[in-house]
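Right, one structure below, let's go through it.
Chain naming follows the written order as A, B and C, and within any one chain the residues start at number 1.
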Amino acid sequence: MSAANLIEANDLVKTYISRKGLFGTATHVRAVDGVTLSVAPATTLGIVGESGSGKSTTGRLLLGLEEPTEGQVQFDGKPMPQLKSTAWRELRARMQLVFQDPLAALDRRIPIGTQVGEPLDIHAVGSDKERQDRVETLLQSVGLRRDQAGSYPHELSGGQRQRVVIARAIATNPDLLVCDEPVSALDVSIQAQVINLLRDLQETRGIAMAFISHDLKVVRNISDRVAVMYLGRIVEEAASKDIFRRPLHPYTQALVSSVPVPGTALKDRIILQGEPPNPAARPSGCAFHPRCSLATERCRVEVPAFVTVEAGRKAACHLVPAASEN
Amino acid sequence: MLRFFLIRALRAFMTIVLVVTFAFVVLRMSGDPALIIMGPEAPPEAIVAFRKAWGLDQPIWIQYLSYFGAIMGGDLGISMRDGQSAISLVMDRIPATLQLTVPALILKLLIGIPSGVYAALHRDSAVDRTVMAGAVIGFTMPSFVFGLILVLLFSVTWGLLPSGGRDSWMHAILPIVTMSIGGAGILARFSRSAMIEILGQPYMRTASAKGLPWRRVIWEHAFPNAAIPIVTITGFMVGTLIAGAVVVESLFSWPGIGRLLVVSVSNRDLAVVQCILLMVAATMVISNFVVDILYGYLDPRLRNNQARH
Amino acid sequence: MANIAQSAPAIGTTQKMKKKRRFPIFVAIGVVWIVAMVVIALTADWIRPYSITSMDLRNRLSMIGNPAHMLGTDELGRDVLSRLIESIRISLMIAFGATLISAFVGTTLGFLAANFRGIVEQLVLMLADFQAAMPFLIMSLAVLAFFGSSLTLLICLMGFYGWERYARIARGLAIAASGQGYASAVTQLGAKPSRVYLKHILPNIASTLIVSMTLTFPEIILMESSLSFLGLGVQPPMTSLGNMVGYGREYLTRAPWIMLAPSFVIMLTTLSISIVGDWLRDKLDPTI
């Protein structure tokens, strides 16, 4: 199964220190607490979780936009260079980020054509004429017209803006795209279009993707594999259809039960009790135990390990036995 | 609350340190302090003695520390002009300056704030327009121009008031009026816009909708909220007061600190200049500190929270 | 306070409509005046009837309207109009130079603070606080006491006026842009910080900076005039607007126009720039 992975993260930990005032006590917040995952070339890994689960931070760690407190990220067999170093900057041509808010990600004073071509400018790809042609091709490949190159971001709709961001992200033909909630700010009807676009781009260009979202329906559509995160840890990781057909971890089960299937009413929906996750106040043992209806004494005390429970499937739950135990 | 005080006090201290450092740096950069302070005509032995006394042969950071120590201890040097200690020279003049600045401040507040508030309550009326025009004149006309015009009218043309010196209380009238006009203009404009903004807030409409008589709404809701920005800007005015005193005292030959500063600068009497600079810094720091405390007291959002950054 | 009840309907009424109708006229006048001043400053050497030091001893203290001396002469027979023209040039030159220096220094420091954060930022903020806290006039006087008053020094000194405002603006806007915005997006594309700041952040904040410049420019004129009036700014034989007022003070009784002409110019110039600046700000930032 492990063909040479495009990107691998091992035991990533990211701790933030928040301090009240100049002399206040410092609280350590573990946004990401021991995450191990990988993305194979030309596949999509969906990363799902609520806010506070650490999924956005994980995305940023994957790209090297933040330095992990512990653990490391390997891209194409080599460790991630330090943030903002020359090597890191050059690596940007191979890995890109698609943002949640396309309007914020674009400079409102510059026409979109120029912005799409900016990575070509930065990495000095091709001559001026070649870049212009490239920009036109890119615009077309994301479903925009060539003559829109002179428009400004605020003149476009939300969906069109996101297409511009995507066009810019694939300008240098990257190997990896990290999409952080790319459709959350869009209307539902437009969401489907953008998701389809991303899928098409993956097929035609062989781009690997890490797709971060809180919306299971969207993730299901586009991912080959899915990793479910809770309070900074991955609680289950499996092929997309396995997770949706037969979720093993109680948290995944609750999430999956809330995804409506068109044509039928929502049945057997599991509603979680308790407080939403707060990374600054992490429960002992298994982080999910206060909300889990199946929690045992062991769950309160001992942190479950993230182990293989079936072929091609991993989970972190005391109630899901590891594969070797079967 | 204690942390609030401490942080403000720390900032105040830092400002003083910065000012002393500024004075030190400027003093050193402008040439050999010994020559400057003792004058080019001083005999070489006096210069050497001065150098020793001030530790000018020591490494620079020791010089800085002893300079700092001397300032904190109150030793600010001797005035070149008449050999008096700089600090006593300055202290002598303080009452004269206070005689102008305090009434000017009161006058600014009394004219500026009510007219601004009144203008806000009666927008686009004749009063509003007059106030705005007056405010505009207040900040475009330099104080010395205004003062000279007053002198032209009241002293020269009509002979009503004296134009210089400090012999009687009548001599103080023109200087005080000159000093207050700029600040009154700024205060009026500021109070007006602060008041207008508050009048437009939703809670004003709510209070009025609750059935409170409009007068009470203004008194109990608008004024206290307007007080906050107005207090802050009054704190700023202390700085402009001091600067204003310099120009006005020179214009009217009023023997206060401002005039002393100008004269000392022309004469390169550096000990006195240094002394005044530090005194002004201390005053600014204290007034900012007081404003901060008042602000913390007046704004209930700050009262209940810890100091936020 | 009998009319308080009448002000109740004032809540929510947009007064902006009336303002917009009034402004253009005054703004137009302001622009005309500013252009006139700039033209005078640039062509001073050609339009000046006399040199500023030439003395017409037979026409001392002549009145306004004298065909040989349109604005009269002073006690040394020097033509007031010529001196006025030269003063406009010097004062505007100082104010211009100082504004540009101040904007450049302030913006650069603000960008440095925003980019490097940490100690650099704290240092810049502390200096900015310091500059804002101390009355500029007093500090200038201290510097002038120590260094004397050459023209270059004066421009550099005035160049310190108001830098902290640009620094704060630049820093604030740069930090906001870096957060989840276009600046971080472009950094993420692999751009070097210089590219981010020069090509993206600066153009976006340029309008705010320009408005700030229109606010500090008149203040610098006033500051320089005050210093020159006190005799500590521009030194003779050079003349500036404040200088002329100071000089004219001696002749208040006999020849008030010597003092009134430059005063008038100072006031109209600062007024024009303020009005135009206000209007610019309204236009560029409709939300404020």
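Please note the rule applied: a contact is a pair of C-beta atoms (placed from the backbone, for glycine too) under 8 Å apart; a residue touches a chain by one contact, two chains touch by 3 or more.
As the structure is a prediction and not an experimental result, all values here were calculated from the model.
Farthest from chain C, judged by the mean position of CA atoms in each chain, is A. When chain centres are taken as C-alpha averages, the shortest distance to the whole-protein C-alpha average belongs to C.
Our note on geometry: chain B versus chain C, Cα centroid distance of 21 Å, whole angstroms.
Rounded to whole angstrom units, the spacing between the C-alpha centres of chain A and chain C is 51.
A separation of 56 Å divides the Cα centre of chain A from that of chain B. Per the touch definition, chain C reaches chain B in the complex via residues 1, 3-8, 10-13, 15, 18, 126-127, 129-130, 133-139, 141-147, 218, 222, 225-226, 229-232, 242, 245-246, 249, 252-253, 256, 259, 263, 266-267, 270-271, 274. Interface of chain B with chain C (complex): residues 11, 14-15, 18-19, 22-23, 26-27, 29-30, 36, 121-124, 136-137, 139-145, 148-149, 151-152, 156, 199-200, 204-205, 208, 214-215, 218, 239-240, 242-243, 246-247, 250-251, 261-262, 264-266, 268-270, 273-274, 276-277, 280-281, 284-285, 288. The touching residues of chain C, counted against chain A in their complex, run 180-182, 185-193, 195, 200, 203-204.
Chain A contributes residues 63, 65, 84, 89-93, 96-97, 99, 101, 104-110, 118-119, 122-123, 168 to its touches with chain C in the complex.
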